[in-house]
Amino acid sequence: MGYLIIEQMLNGLQYGLMLFLLAAGLTLVFGIMDLINLAHGSLYMIGAFLAATFFQMLGSFFPALLLAIVATAFIGFILERLLYRKLQTMSHLSQVLATFALILIANESIKIIFGAQPLMISMPSGLSRAIEIVPDELYYPAYRLLIIGVGFAVAIGLYLLVNKTRTGMWMRAGASNREMAAVMGVRIKPLFTLVFVLGAALCALAGALLGPLLAVTIGMGESILIPAFQVIVIGGIGSMRGALIGSLLVGMIDTVGKLLLVLGLGFITDPTNAGTLGSTLASLSISVLMVAVLYFRPQGLFPARG
Amino acid sequence: MSHIILEVKDLVKRFGGLVASDIQHLEVKQGEIHALIGPNGAGKTTLLSQLSGEMKPDAGAILFEGEDISALPVHKRVQAGIARSYQITTLLPRLTVRENLALAVQARTGHSFDFLGTVMDETDLDEGAINTAARVGLSPELDQIVGTLSHGKQRLLELGMALACEPRLILLDEPMAGTDVEESHNMGTLMLSLKKQHTIILVEHDIDAVFRLADRISVLVSGKVIATGTAEEIKQNPAVITAYLGEEDADELEVSA
Amino acid sequence: MMNRFGPSHVKNTPLNTGLPNPWSAILVAVLLVTFPLAMSYMGEDFYIGMGSRILIMALAATALNLALGYGGMISLGHAAFLGIGGYTVAILAKAGLVSALLVFPLAILMASFAAFLIGLISLRTKGVYFIMITLAFAEVFYYLAISLPNFGGDDGLPLRTRSSVPGIRLDNALTFYFFVLLLSGLAIVLMYRLVSSRFGRAVVAIRENEKRMAAIGYPVYRIQLMAFTLSGGLAGLAGALLANLNMSVTPHMLDWHQSGILIVMVILGGSGYFWGGLTGAALFLILEEVIADHTEHWNLFLGAMLLFIVLAAPNGVMSLRDRVLGLFNRSGSNADSKGSSEQEVNK
C-alpha cells in the first residue's frame, strides 16, 4: 500500500506541475495587469488541438509539440495586441464579459474547424512503457515521468527567469506595484506582451503534454480553469512561488488526498460509495483549503503585493 | 475645557519591520482644535486612520470618552461620535451635494437595514442635508453634481460629510490641501465656528494656519509625539525647532511671531 | 417616484437611475398579462412556454442585477443559487414532497443560505479576487451535483410532476405561465421595495464609494452581505421555477457558463436599471431562439456580439439601453446617466 501512495504522489506531482504551467501565466497576467482572464483555459485547449493536428500531419510527437507551442504563442501575441491590451484599461466587468466571449468564440471555432469529436495524440513510441522504479513493486509510466521532468525543468526555468534576470525583476516589480514600476522606468506594455505570449506558450505545452493522457476535447479549457484559479487564490495573485506551491498542494490533495479518503472511507462504507464520496470530498477539501487561506491570509500564501 | 474627550495610550502600528506610529501618550480636550504637525512620514495620517478605525493598531489603547474603542470597526466609531475627512477628496462624485449629505444623515438614523419599508417621507434626511450644507456654506450648490464642483467646494463638502454625522470629535486630514488663499481662509473661519460644538483633530501642512487656529499642537516625528503645547510653547520648544522646524522655518517663525 | 431629493431637474444621479417610472410598471404588467392570452387564443402553446422561460430567467437576472448592477458586486457564481433552488425542489420531490407552499420557501431558504456563506467569505475580498472566489465556490456546488449519486450525477434528476398548488393544476402551459408571473411579479414588487428603500440607497451608494460610506457610519460589509443573500434567495426562487418548467434539473443549471450568461443578460438589459433583468433576459432568449433557428453556431454569434459590446464603447461596457437612449438623446443632459453600467467599486 505504501507503493500505492508513492504512485499517487507521483501522479499528484504530475498533475500539480501541469496545473503550474497554466497558473504561472495566469498569475502573472492577473498580478501585473490586474486583468481577469477567463479565457486562459481556451489557450490550453487551442494548444492541445493544434498539437493533435500537427501530430496527425507529421506523425511524430515532439515536432508537433514544438509547432503547437509556437503557433499558440503566436495566437497569444495576436490576442494580446488586438484585445487584451485594450481590456487592460477597462473595468473588471468588461474583462469578464470579453474573455467570456472569447471562450464562446474559441469553443465554437474549434467545433467548426475540428468537429465535435475528441482528438487523440499517441505517446512518443519509446515512452509508452512503464519503468520499474522499485523492482517488482513500483512501476511508473515513462511518459508521466517525462511530464514530471519537463514540469520541473520549466519551473526551474521560470524561477531563474523571474528571480535572476532583469526581465524577471520587471515582472516582480510590475506584480507588486504597477504604478511604481512604471514610474521607475519599466516598460509595462512590452512586458505584458511578453508575459502573455509566455503564458500562451506554457498553456500549449501543458495542453500538448496532457494530450496523450486525456482526450483532446472542447470543454477541456474550462475544466482546468477552476483549479488554476484556486491555485492562484491559494498562492497569492502575481506570485510565481505561490503558483508553484499552490499547484503542488492542489495536485497532491486531488490525488493522494483522494486515495487516502477513499481508503479511509472504505472502513466505514462500501467501496463504491467510498470511491465517489472520496473524490467529492477531495475536490471539496481543495475549496476548504482555499477558504481557509482566504480567511487567514486574504492575500494568499505568498502575496506579491507588499 | 479640561474634560478629556480622547486619550491615546502606547499606540503602536508597524508596517513590516517599520514602526509607523508609536504614540506613548496623547490627550485631546473637549472643544479644542488639536493640531498634529510633523514632517512627511511622521505618522500623522497613520495615527488618524487608527483613530477612525481604518487601521488596526498592533498594540495600545484609544479611549474615547473613557471607553476603549480600539477594537471597534469604522462604522461603530462613527456611531460613537468620531467622524473624519480625507486628504484626498473621497466623496460620491456622481451624486448631488444634497444626496451626499442625506446619505450621511441616513446613516445616523439607523434605518439602513429597513429594506421593506419604502420610505416615502424623506423630510428628515432632506432637512439634515440642508442644514449641513448651510453650515459649510454650500447652500447654493445643494443640487449640483459633486464631480462638477470646484476643488475648494469639494473640500468644504468633505468637511460637511463629517459634520453630517453629528460627531463629537472630528478628524480632519489636511482640509486645506490644494485650496487657494481665500478658500483656505474660509475653511479656517469655518473651523473656528465649529469648535464650540465639536472637538477637532487637525492634520495640516499649512503651518501658519495651524498656529492661527489650533488651541494646542502635538508635534510628531518618526511616529512619536515629541511635544504637545500651545502655539507659543511649540514655537519656543528647542526640541521641536531642531527636530522638525529646521533652521529656515525657525527663522520664519520668529519673524511671524 | 423619479426623484426623492431636490428639484426634479436632477434626475440622473445613480440614486435615482435604478428606480422605475411608474408608467413603465403598468406597461410591463399589461404586456406580460396579454401576451400569453393572445398566444393561447392563437393556439401557440410553444410561445407560452417561451414566455415562462423568459419570466424565470428575468427573475434570475433581476436577482443578479441587485448584486451586480445595484451593488457593484461582480458575482460569477449566481448559477449556483439558481441550481440550489432547482435541486431543492427536485430532491424534495424525489422524497415525495411536492407542495409548492413547502418546497418554494425551502428552495429560497437554501439558496439564501448558500449565498450568505459564499458572501461571508468572498465579500472580505475585492476586485479580481471576488470574481474568482464566487466562481470557485459556485463550482463546489457543480461538483457536488455531478458527483453525488443521490443527486443523479451527470443526468440530473427528473421531476415526475410539477409542484402542487392547492386549487390549481400547473401542468397546463397557460396556468403555469400565470403561476410564474404571480411569483416573479411578487418578487419584482419586493425588488422594487428593496431598491427604493433606505437599504437600497445604501447599497447603491456603497457601489459608488465604499470607503466614504464606511467613514460616514455604514456597516458596509453587513449591507453588502445582506444584498448578496437576498440576491441569492431570489435566484433560488427562479431555480425552483425553472425546475418546474423543465420538469427536471441537471448539473448544467449550475455550470459557471450559466453564471456568465446571467451577467450577459444583466449587461444587455441595463446593469443597475430596474427593468434590466427582464429586458436582458427577454432580449437574450428571443435572440437565441431566432438565431438558433438559422445556424447551429449561436455561441459564435453571442461571443462576437459580446466582444462588440465591450470594445465598441470607449469606456467599456455600455448596456444596449444606454446605447439606444444615447441615439435619441445626444444632447448633454444624458452625460451622467451613461456611467451607471460601468461602476467598478471592486476594482
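For this structure, a couple of remarks:
Labels for the chains are A, B and C, by order of writing; each one numbers its residues from 1.
To be clear about the criterion, contacts are C-beta pairs under 8 Å (C-beta built on N, C-alpha and C of every residue); 3 or more make two chains touch, one makes a residue touch a chain.
Quantities reported herein were computed from a predicted structural model and do not represent experimental measurements.
Contact topology of the protein chains: linear, an open path with no closing contact. Put simply, the chain farthest from chain C by mean CA position is B.
One simple way to say how far apart two chains are is to compare their mean CA positions; for chain A and chain B this gives 49 Å. Note: centroid distance chain A to chain C, computed from Cα atoms, is 32 Å.
Between the Cα centres of chain B and chain C there is a gap of 42 Å. For chain C in complex with chain A, the residues that touch the partner chain are 68, 74, 76, 121, 124-125, 127-129, 131-133, 135-137, 139-140, 143-144, 147-149, 256-257, 260, 263-264, 267, 271, 297, 299-300, 302-307, 309-311, 315-317, 342-344, 346-347.
Across the complex, chain B is touched by residues 4-7, 9-10, 13-15, 190, 192-194, 196-202, 205, 208-209, 211-220, 222-223, 226, 230, 336, 339 of chain C. In the complex of the two chains, the chain B residues touching chain C come out as 52, 54, 73-75, 78-79, 83-84, 86, 90-96, 98-99, 102-104, 106-109, 111-119, 122, 125-126, 129, 142-143, 145, 161-162, 164-165. Looking at the complex, you find that chain A touches chain C at residues 30, 34-36, 38, 83, 86-87, 90-94, 96-98, 100-105, 107-109, 111-112, 222, 226, 229-230, 232-233, 237, 276, 279-280, 283-284, 287, 290-291, 294-295, 298.
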